[in-house]
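What follows is a set of structures to go through.
In what follows, subunit A forms one complex with subunit B and a second complex with subunit C.
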Partner chain A sequence: MNALAPVSQLGGVVLAVALAPLLAGWVAQCRAWLQSRSAPSLLLPYRTLRKLFRKDAALATQASPLFRATPYAVFGAMATAAAIIPSVTTDLPLARVADAIALVGLFATARMFIALAAMDIGTVFGSMGARREMMIGFLAEPALLMVLFNAFLMFGSTALPTIVKGTLDADGLTLHPSLAFAGVAFVMVLLAENARIPIDNPGTHLEVTMIHESMVLEYSARHLALIEWASWLKLFNYACIGFTLFVPWGIAPHTAGPSGLLLAIVWLLVKLAVAGAVLAVIETVSAKLRIFRAPEFLSMAFLLAVLGLLVHLLLQS
Partner chain B sequence: MHGVSALTATTTLTALLGLVASWLLIGALGLVQSNRIGWVARTLFPLGALVALGVAGMGAVSLGTGFAAQTSVLAFGLPDMPFHVRLDALSGFFLLLLGTAGAGISIFAAGYFRHGEGTAPGLLCLQYHVFLASMALVVLADDAYLFMVAWETMALSSYFLVTTQHRIPEIQRAGFLYLLMAHVGALALLLCFGVLHGGSWLMTFDSMRAATLSPAWAAAAFLLALFGFGAKAGLVPLHVWLPEAHPAAPSPVSAMMSGLMLKVAVYGMLRISFDLLHAGPWWWGMLTLTVGLVTALFGAVFAAVQTDMKRLLAYSSIENIGLIFAALGLALLCYAFDMRLLAALALAAALLHALNHALFKSLLFLATGSVLHATRERSLGKLGGLIRRMPWVATLALVGTLSLAGLPPLNGFVSEWLLLQAFLSTPSIPHAFINMIVPLGAAVVALTAALAGYVMVKFYGVIFLGQPREPSLMQAHDAGWLERVGLAWLALGCILIGVFPQAALDAIAGVTQTLLGTVIQRGPAPWWIAPVAQAQASYNGLWLLLGMAGVIAMMFVLVRRMYHGRVRRVPPWNCGYPELTPRMQDTAEGFGQPIRHMFGPFFRIERELPAADDQFPHYRIQIDDHFWHGLYLPLARIVGWLADALSMLQRGRLAIYLMYSFLTLIVLLVFVL
Partner chain C sequence: MMPPLNLATQLLHVLAAGLLMISFSMLAQRRTRRLIVLLAWQGVVLTASTLLVAVTAHLQHLYYSAALTLIEKVWLMPWILLRLMRRLGIEGDSDPLVNIPTLMLVGLGLVIFAFGLAQPISSLATTVTRQTLGIAMAVILLAFLMMIARHKAVTQVIGFLSMENGLFFAATSTTYGMPMVIELGIALDLLVGVFIFGIFFFQIREQFDSLDLHQLEALKED
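Right, the complex of A and B next:
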């Protein structure tokens, strides 16, 4: 740990929180271009947040304290998750506090709270959304764990910085067949977990298709702002987990100085730009699945990740 | 800790026996004025809780460093077979578990039991404390004879507790099924001890430890133990009694059965497989692991489709017992390959999960008790919105719910984390086939854990959130203060173990030292665990909690300072319909539908669909267990058929019986002559 560690730790979280809306704006812009629409401003998400924070919160009469606490809990879980993902540097003091399994646990915490809050008001959409979200979640969560286990088996650690270091220290580019399986599985999980097409559509309010939106239908103003921000942060976190596992080049090592960190931030921005564009392409070329097909999609992701595990073990022995 | 253990080294066991005796005394005192609720509930049950705390304390003492096993021979028993008792780290850990959870349950029970619920309160008090005492004696027993006596006392006293409301036919049936399974299991255990003495005919555990069994006999003993303890713990396919008996019992009893009694079965399995049999070949572990994983997945899937809140929790207990046995199997497996450290990790996961489950499952069962008292409803379809009427119970139950779902920074997460870490280290097993198969177990564990989250959202959401589904729920009242104290005690345990996991692992270290001769690596602080190596994996419950709390507090202050905290109360959006009725919410059936859809082959589904021209269309669905129809009912039919065949002999006419005697005489004469 060098002297910059606390700075880079705190800076990493602030960077994630600050950049997450930008990533969301970039994906939306790319999607608009691909669909020949005139694109909204890159900064639209920030303006949305400001607008929402200023408004008075309209709260359902029967809303319980759980409903009001949930946006903060969800945001807290996502920001904590951002603290343990080595997006810029591997020199994270907090990464030893919680490893990849805890990361999945944090995502699960956020999901559970948001599903419970959705059921709190007792509306039709709320409980339907909660049910669908938990259905997606219980398949996506183990799939994500399996993807992470692939990396674990390779580097013998569930701590993400160690995994990054393992890849960076390897001489030259070695191809791991198991990571190919894990990579595909990961992209599938990312789509499902972040309410993206083909599982869900972040831009819709059509009742038969929506999942995430139907859960947060009762939220308004600052609560909604926090929820939206947290979901952008989730996308950002997922993208960074992907970089960590599959394209860790550019992440600053332990020994990096301030200039190395700046370079790593530039690298991160480049990777985010590419990943956002790829996400937009995937979303544009695929059609939304029927909700009943979602389990098949996710079981496929789960099986692919498990297959990756098997491939690794087979090749190793 | 060391000073305390030095001080009490010779007296811990004696003190424990005294505490057990005082449980029995408290129970007997219940009979003095068996109908005065003030005496029985408000005086005796809190006393029982104090005794439980003492038991937990003594258990904790025995886990201290340098504690040598204490043995003693009691002055009573059979003429030439006195009772032997022994306190070592393994017993100590389970006494700690028993006492900690038992204290919370007893305090809750002090506020819970009231008149007019079947058995008279005084008698209930006797059964309750005999149950507690017998569980403690099972754990303390050092010979097969005392073990079986205590084991059977435990089964019988819990049977009477299950059938507290013995006038309801459904409960009678549940009680009968429980008694039957308990005895089938006990029979297996009896045979198991019959094998274990190894021809010496000495029933003390010491002689069983020393006995050398041939591999075949050892395997027989192990299989019998797995069957016997599996029947008590609820391993598939011996689980059928559990979802019947748990809901039938009063809630504190359900909590004791699920939280404590199932753990006593885990204790028995550990005692016999590791201590008496010194573990065995790898297939023992593989078998236990497989059975455990199947049980875990089965329990989770079935829990998701339940519509009765206590049945849901009962199936969730099956799931958790599955996870515990899976960890136990992994420990056996690793031990067979002499990978002590890994075995210790798996065993620590099993024990910690047992402790955690005792806390959060008791908490949830007790919470359902409060709900049941407040609403008189057990069916999820008639509950809802109770967070507004019962804020205390709802808040404390939320802690249990989040723990059971395995979310950080609560205790359920820690044990699942340990279990996954143990699974992840298995590729180093020196066996080409097993090292590939076992990591797949991690996939099943992950799936089960995620399903538990689904189940818990359903449980909590349908009971406590949303709108009340029945008008009568508006009159629901919160639990009394004794009940709250009991719930809060258990919730506090869930939080403390989650935040200070190393403290719990320190308690377990004594057990792994005793059974496996090794301990997992200590974390750097009470709140920081790193069981294998810092570089491989570490988890820090306190910092994680503080980190999350810090972010949340900062966001709250920022939002409030930079903007405002203004709130308008408005009716929820009603989708353009005239009103939003509670009937529009998801039902328990609806919430389980995706699972029913996805795991169709798991269930035996009978459905009645309305026809197009029905006057009163109704939809009925009955979800059953394949094992019940495929295994138990045919078995019952065969037994019934055999009994019928035998009853042909019994004609009820004197002449025929005389003829039997005559024929027997003839046959005997033929032999003699």
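Right, the complex of A and C next:
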């Protein structure tokens, strides 16, 4: 660990929190272009946040303290997750404390809080959304773990920085067929977990289809702002997990100085721009699945990830 | 850590994995048109892998069989199948017998079985491509499963063609391909087979007004 480590640790989290709305704005802009609508401003998410933070929060009279605490808990979980994922540098003191399995646990904690808060108010929409969210979550979680196991098997470690280091240190380009399976499975999990189009459509308020939106209907003002920010941060985190597993080039190693970190940030921006555009394309070309098809979609993701493990054992043992 | 492999072998492994992935998406696919498109893609991957083996092993005759694969499996047969589909007017969904997650689980079991079966055989082989034998066998078994689990004649034929793709891949990966005469014979057989299937489709539909093969189970005359 060098002297820069605490700085880069804190800077990584601040960067993730600051950039997450930008990524959401970029994806929305790409989608608008692809659907030949006039695109909203790239900074729209920031303006939304400013607007929401200025307003007065309204709370239901029956709301318990859990309901008030949830936005902070969810946002905190996502920020902690951002501290574990090596998005810019591998020199993260916190990443040594918590590995990728703890990361999945953090996501699960956030999901549990938001589902509990949705049921707390006692509206029909809230509990319906919570039930749907838990169904999607319990199917997506094993698939995500299997995707991570694919990378763990390759480098014999459950820590994300070790995986990045392993790929960066390998001399020459090595193609891993098992990562092709894991990659497809990961994209499917990302779509499902971030309430993206084949599973959920965050743009509508149509009661028969929505999942994530129906859980946060009761929130307003700063609470809603934190929830929205946390969901953008979740997308950012997932994108960064994807970069760590599949395209780790550009992430600064332990020895990099300040200039190396700056270069890594530029790389991160480039990768985020590409990933956002690809995400927008996927969302535009696919139609939303019926909710009863979601288990099929996610079991496909799980099977692909398991298949990746099997292919790894066959071809690379 | 694994021992370093050269780039050609790695590429071949990736192509083999792609073949397996296409097989799985065929198993999960409900629409007949998409199935035919996936079959054509399987042909593309097969062509690429044959070309790769030809380049790395410097084998003249594999170039011809790659060209043959490209013409027959990527262009001609999907074209015939699409034409048949349009003429018969069967563009709708083809419901599988079992629900798709169950089918995928059974498929996963088959893949494990095929990998286990191929391990001792491929450890005896000497070619650089021997490790892909397990994947070739998995493709064959998955195609079998697809034939069993569908009840429309067209999808069963597509399963049959996919199985042939798996066999062809097994041949190139274990023994660097069959002699040219045999390969030409198989190609011709397949083509004739598809033509005869086409004629059968029309006959079956004329008799039963549908392509559902469950109708064939009632054989007694009233």
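Convention: the second predicted complex is superposed on the first by the 315 of 317 C-alpha atoms of A that agree within 3 Å, B and C clash if a C-alpha of one lies under 4 Å from a C-alpha of the other, contacts with A are read in each partner's own complex, and residues count from 1 in each chain.
Quick note on the criterion: a contact is a pair of C-beta atoms (placed from the backbone, for glycine too) under 8 Å apart; a residue touches a chain by one contact, two chains touch by 3 or more.
Bear in mind the structure is a predicted one, so any value in this text is a computation, not a measurement.
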| Looking at subunit A, does subunit C or subunit B touch more of its residues? | B
| query | Is A:L310 touching the first partner subunit B, the second partner subunit C, both, or neither of them? | reply | both
| said: Taking the superposition on A as described, I'd like to know which of subunit B and subunit C A:E213 touches: first, second, both or neither. | reply: neither
| request: Give one of first, second, both or neither to describe whether A:A180 is in contact with subunit B, with subunit C, with both, or with none. | output: second
| Where does A:E283 make contact in the superposed view: on subunit B (first), on subunit C (second), on both, or on neither? | neither
| Is A:P295 in contact with subunit B, with subunit C, with both, or with neither (first, second, both, neither)? | both
| Between subunit B (first) and subunit C (second), which, if any, makes contact with A:Y72: first, second, both or neither? | first
| said: Quick one: is A:D200 in contact with subunit B, with subunit C, with both, or with neither? Answer first, second, both or neither. | reply: neither
| Is A:R222 in contact with subunit B, with subunit C, with both, or with neither (first, second, both, neither)? | first
| Of the two partner chains, subunit B (first) and subunit C (second), which one does A:M128 touch, if any: first, second, both, or neither? | first
| For subunit A, which residues belong to both interfaces, subunit B and subunit C? | 295, 306, 310, 313-314, 316-317
| message | Under the definition above, what is the set of subunit A residues touching subunit B in their complex? | response | 53-54, 56-62, 64, 66, 72-73, 75-77, 79-80, 83, 94, 96-99, 101-102, 105-106, 108-109, 111-112, 115-116, 119-128, 130-132, 134-135, 137-139, 141-142, 145-146, 149, 152-153, 156-159, 162, 217-218, 222, 226, 292, 295, 302, 306, 309-310, 313-314, 316-317
| note | Residue positions on subunit B within touch of subunit A in the complex are 384-385, 387-388, 398, 402, 405-408, 413, 417, 420-421, 424, 427, 432, 435-436, 439-440, 442-443, 446-447, 449-451, 453-454, 456-458, 460-462, 465-467, 534-540, 543-544, 547-549, 551-552, 555-556, 559, 562-564, 566-575, 580, 582, 584-586, 590-591, 593-595, 597-598
| query | Of all residues in subunit C, which touch subunit A in the complex? | reply | 2, 4-5, 7, 10-11, 13-14, 16-18, 20-21, 24, 28, 100-101, 104-105, 107-108, 111-112, 115, 118-119, 131-132, 134-135
| field | Interface residues, subunit A side, partner subunit C - complex | value | 172-175, 177-178, 180-181, 184, 295-296, 299-300, 303-304, 306-307, 310-311, 313-317
